[in-house]
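Pasting the structures here.
Both complexes below contain chain A, partnered by chain B and then by chain C.
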Partner chain A sequence: MLRLDGLSVGYGGPLALQDLSLEVRDGELVSLIGANGAGKSTTLKAISGLLKPQAGRITWGGEAIGGLSPRAVIARGIAHCPEGRRVFPQLSVRENLEMGALLRRDHGGIAADLAAMCDRFPRLRERLSQAAGTLSGGEQQMLAIARALMSRPRLVMFDEPSLGLAPSLVEQVFAIVREIRAKGTTVLMVEQNAMAALQMADRAYLLEAGQLVQAGTGAELLASPEVRAAYLGG
Partner chain B sequence: MDQALQHLVNGTVLGGTYALLGIGLTLVFGVMRVVNFTHGEFYAFGAYITYGLIVLGGVNYFLALPLATLAGVALGALLEVALLRPMRKADIDSVMLVMIGAMLAMQNLEMFAWGGVAKLTPNPFDGSPLVFGPVSVLPLRLFVLVVSVLMLLGFWLALERSRAGMAMRATFQDPETAALMGVRVGWVNTATFALGSGLAAASGALLGPVFMTSPTMGDLVGLKAFAIVILGGLGSLPGATLGGFALGFVEEFAGGYLSTEYRDTFGFLLIIAVLVLRPQGLVPARERIG
Partner chain C sequence: MSNAPWAFVAALAAVPVLVPNPYVLAVLTLAGIFVIGAISLNLLLGYTGQLSLGHGAFFGLGAYASALTSLGFDIGIGFGLRLRVDPQPVWLGFLMAILVACAFGWMLGRLAFRVRGAYFVIITICFAQVLRMVALNWVELTQGPMALISIPPVSLWLPGLGVVPLVTKAQTYWLVLAVGVLAFLLVRQLVESRIGRALIALRSNEALARSVGIPVTHYLVVAAVVSAGIAGAAGSLFAHYMGIVDPDVFMFIYTVTMVIMVVTGGKGTLWGPVVGGLIFGLIPDLLRGRAAPELQWVIYGVAMILFVMFLPRGIVPGVQSLLRRRA
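Now for the complex of A and B:
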């Protein structure tokens, strides 16, 4: 289980995130929503170790992990699928997947997972030796998701997986996220598409200007007048 | 015709070491975004260590070569940890100034340690050339070519076929995401600078018995290394390899047919020509590592 207690993070100027507390229980799908600049990506970067917290605690299964290196965090079973896909453009699709499994040493298991990703995403199998930069946006998002899963995480964090995709692909990406959770992996998802994010979430948090303003089940936030007015178009 | 073949052979020998030099500089620029002014000094360092080991230490050339390369790797790692690591968040201008300072310091230390008179590392081979039909090659030059080609191949294999090489290429392309995959980016930076410096030291060590070693040789070699990297299209490893051989051929042919005295000038004329006619360099942008 992941817990943030009073987390504050900044980039040198004013705090991008202030006194945030939240939790993600095992097996849950939790959504983090909010407008541009609310601090959603900052939250994920603090958890994955890209940013050091200025105050507060991050604990994972009881262990304090705030301030650990990204390597130490992924080694503990937390994967971060970053905003904007960020595949390695000049590495092949296969190498991108292998990068996801960089810290694993079970070569047989890696090969099996690679085959499983190819079964799940047939378009990746057809393009295994192609440079990832030549894939379409949708294919790159599938690759980024598959790469995150290659570390066999217990918690996977998605940062705006639907960003910039055509509506039919958005549906597909959300279906994949639900499927990942159904198979037992805990999910923390950041989304601007608040409607979809709240509908599929067990619980959700709403951030505004670096601060937590609402928390509850997905259904509660969907029903909340403030959320409806500001994020769901009335 | 025979003369042309001879120049072709000589140009290939020179090109191999230039390629090593160019790859070292490209690596450091590609991974770390650092314009490495000390690169030519690492070449001089490699040449001097080889000279010192052989003449003062009585070490065999074939042992001195790997030792000098390792010394270059070690000094490169030290310089990275001491100077570059604390400046990781600094702007590029400050880093350039620090690197220029390091270059001046290295050059003057060489002057202090070895004096201003040029040294020639003894040739470990027999001085009589091997004759293949119309072409003759000194055994030393053949050895230099074989070793540089082996090093180029070994380097390429390590980069393309090993996990560490893959992690290094991923770091060239996107350091933050590479960190998310578990790459120790700080460590990759140190390794890259050490490897780049080692390649420069290796080419200096290889060419020690071919050219004279002097404290200011790093200036010209450093300039040539930049020329090779620019020829290759700034940040492309295949480009730097190609650029190295291109510079070797131009110097050799122009030196042979036009003027020996101005041989170094022709290389720079080539760069001006490439920059005017093909500003993206010899290898297209999509293959760039950065």
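Now for the complex of A and C:
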């Protein structure tokens, strides 16, 4: 349902992403792996509309969405959970969650989803009126995930969901990602932890220096000698 | 806490009765006009995080628009055509000041918010300087350096009295106070709305704000228009209070003064520009006659540095966190 055909994206200098083609089918969990600067985050930003493609097509359910505004992309059911600072620190936890539902107008549905998020992440319920900047790193990541789900996406894109988290939390975050997919939401995930990313993924793509070098099922990439040598420590 | 702001307003409103000293009222009135300017700048600088160093331009535009509407003008606009406006009532000038400032705020916002950071700052500075040049050189309209003079005072329709010009210091003071309260309430309303949350969100993380679907440029332009409109209203009050407007209203120092007020008071807080505006609006007059002229600005500068050093987030947030630690 999501297809990239010959996608090239740049930041004004050399291309950060060159001629990338990939697809994410309904209900799949697809991982993008690769080293720093391989173009993984750039791919997600191009899909979500934060970056304009210089060449190539992005289609979603048959509709070309390359170059649309982020707002228009979310309205079509694609949520992006960016890397780095993941929440709005000065806004309360509740306001952060409501930001995820910015484009929805079904107030009853929003309230129900907010309650559901609090059931799923009890830590958030305890801190609903607290500024999000006061949460721990793990709690902020839970909040970011919950916020992305608040738009009721059909596809969620996670950018480095485990980055900077303690090992016990990493396991928890991956469990949540698996759970989201099990509930029927399609997932496209960028992850440096190649081992975990490949074990979870139905299919995966390996990027290097802005180009696609290998594609296959998670198991195939796990077994590939190149992947093992470069990313899994032999 | 909820009654404290109204007690503060009531206390300010009582000043002309308790201290019927024209000098005191004149000083407070002028400080009040700058507080309104600071409130408007805070909406941009404090809540969107965009530093506009051309903000004084909206103040100046308001002053000129209001003065010209109430004085009338007759200018050639090319092709042998003339544009003539007869002197209009002052309230219409006040409205024109807001409208013209809003229109320019929209234009500047649409242009300048394509860029961020230093580029945005430079565009806003240029904007103010271009307007200063226009005011200096379009003599037929603005009288250039000869200034617009004999600007009538604000007149107000009051029940039972009809239209009365506000000529006494106390009347002007109350008018400025009323406009100030309205400006404060307008900004509060905006900041506590959806738009305000969106502004705070984009200030802290613009990429994330865009990725959740906030139309960032749209909201920035909205903030710029409202901010410009309030600054225009302040400029109009300034023109009718002083009775004279010259191109110096576009000078950089006015913008810088407003920035100082917002930053020392606490940018991004509702009360910051009020507190900072009152302190730095009153310091020059409090020092006058008490310290040598050369020393006055030294004290002003030292006070500013001390505030920034010891209360880096501003007076209001600093005092708030002190009180919280006590409690």
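Simple rule for what comes next: the second predicted complex is superposed on the first by the 233 of 234 C-alpha atoms of A that agree within 3 Å, B and C clash if a C-alpha of one lies under 4 Å from a C-alpha of the other, contacts with A are read in each partner's own complex, and residues count from 1 in each chain.
Following the convention adopted for this analysis, contacts are C-beta pairs under 8 Å (C-beta built on N, C-alpha and C of every residue); 3 or more make two chains touch, one makes a residue touch a chain.
Note that the coordinates shown come from a computational prediction; the quantities given were computed from them, not determined experimentally.
> Considering only touches as defined above, state whether A:R94 meets chain B (first), chain C (second), both or neither.
neither
> After superposition on the shared chain, which partner residues are touched by A:R203: those of chain B (first), chain C (second), both, or neither?
neither
> Should A:R127 be classified as contacting the first partner (chain B), the second (chain C), both, or neither?
neither
> Per the contact definition in the header, classify A:R71: touching chain B only (first), chain C only (second), both, or neither.
both
> Which partner chains sit in contact with A:P82 here, chain B, chain C, both or neither? Use first/second/both/neither.
Both partners, chain B and chain C.
> Applying the document's definition of touch, where does A:K40 land relative to chain B and chain C: first, second, both, or neither?
In the superposition, A:K40 touches no partner, neither chain B nor chain C.
> List the residues of chain A that touch chain B in one complex and chain C in the other.
Shared contact residues on chain A: 48-50, 69-71, 74-75, 80, 82, 86, 88-91, 95, 98-100, 102-103, 147, 151.
> Residue numbers of chain A touching chain B in their complex, please.
48-50, 69-71, 74-75, 80, 82, 86, 88-91, 95, 98-100, 102-103, 133, 147, 151
> Taking the touch rule as given, give the residues of chain C at its contact with chain A in the complex, in rising order.
Contacts found on chain C: 197, 200-201, 203-205, 207-215.
> If you look only at chain B, which of its residues touch chain A in the complex?
163, 166-167, 169-170, 173-174, 176-184, 286-287, 289
> Under the stated contact criterion, what part of chain A meets chain C in this complex?
By the definition above, chain A touches chain C via 48-50, 69-71, 74-75, 80, 82, 85-91, 95, 98-100, 102-103, 147, 151.
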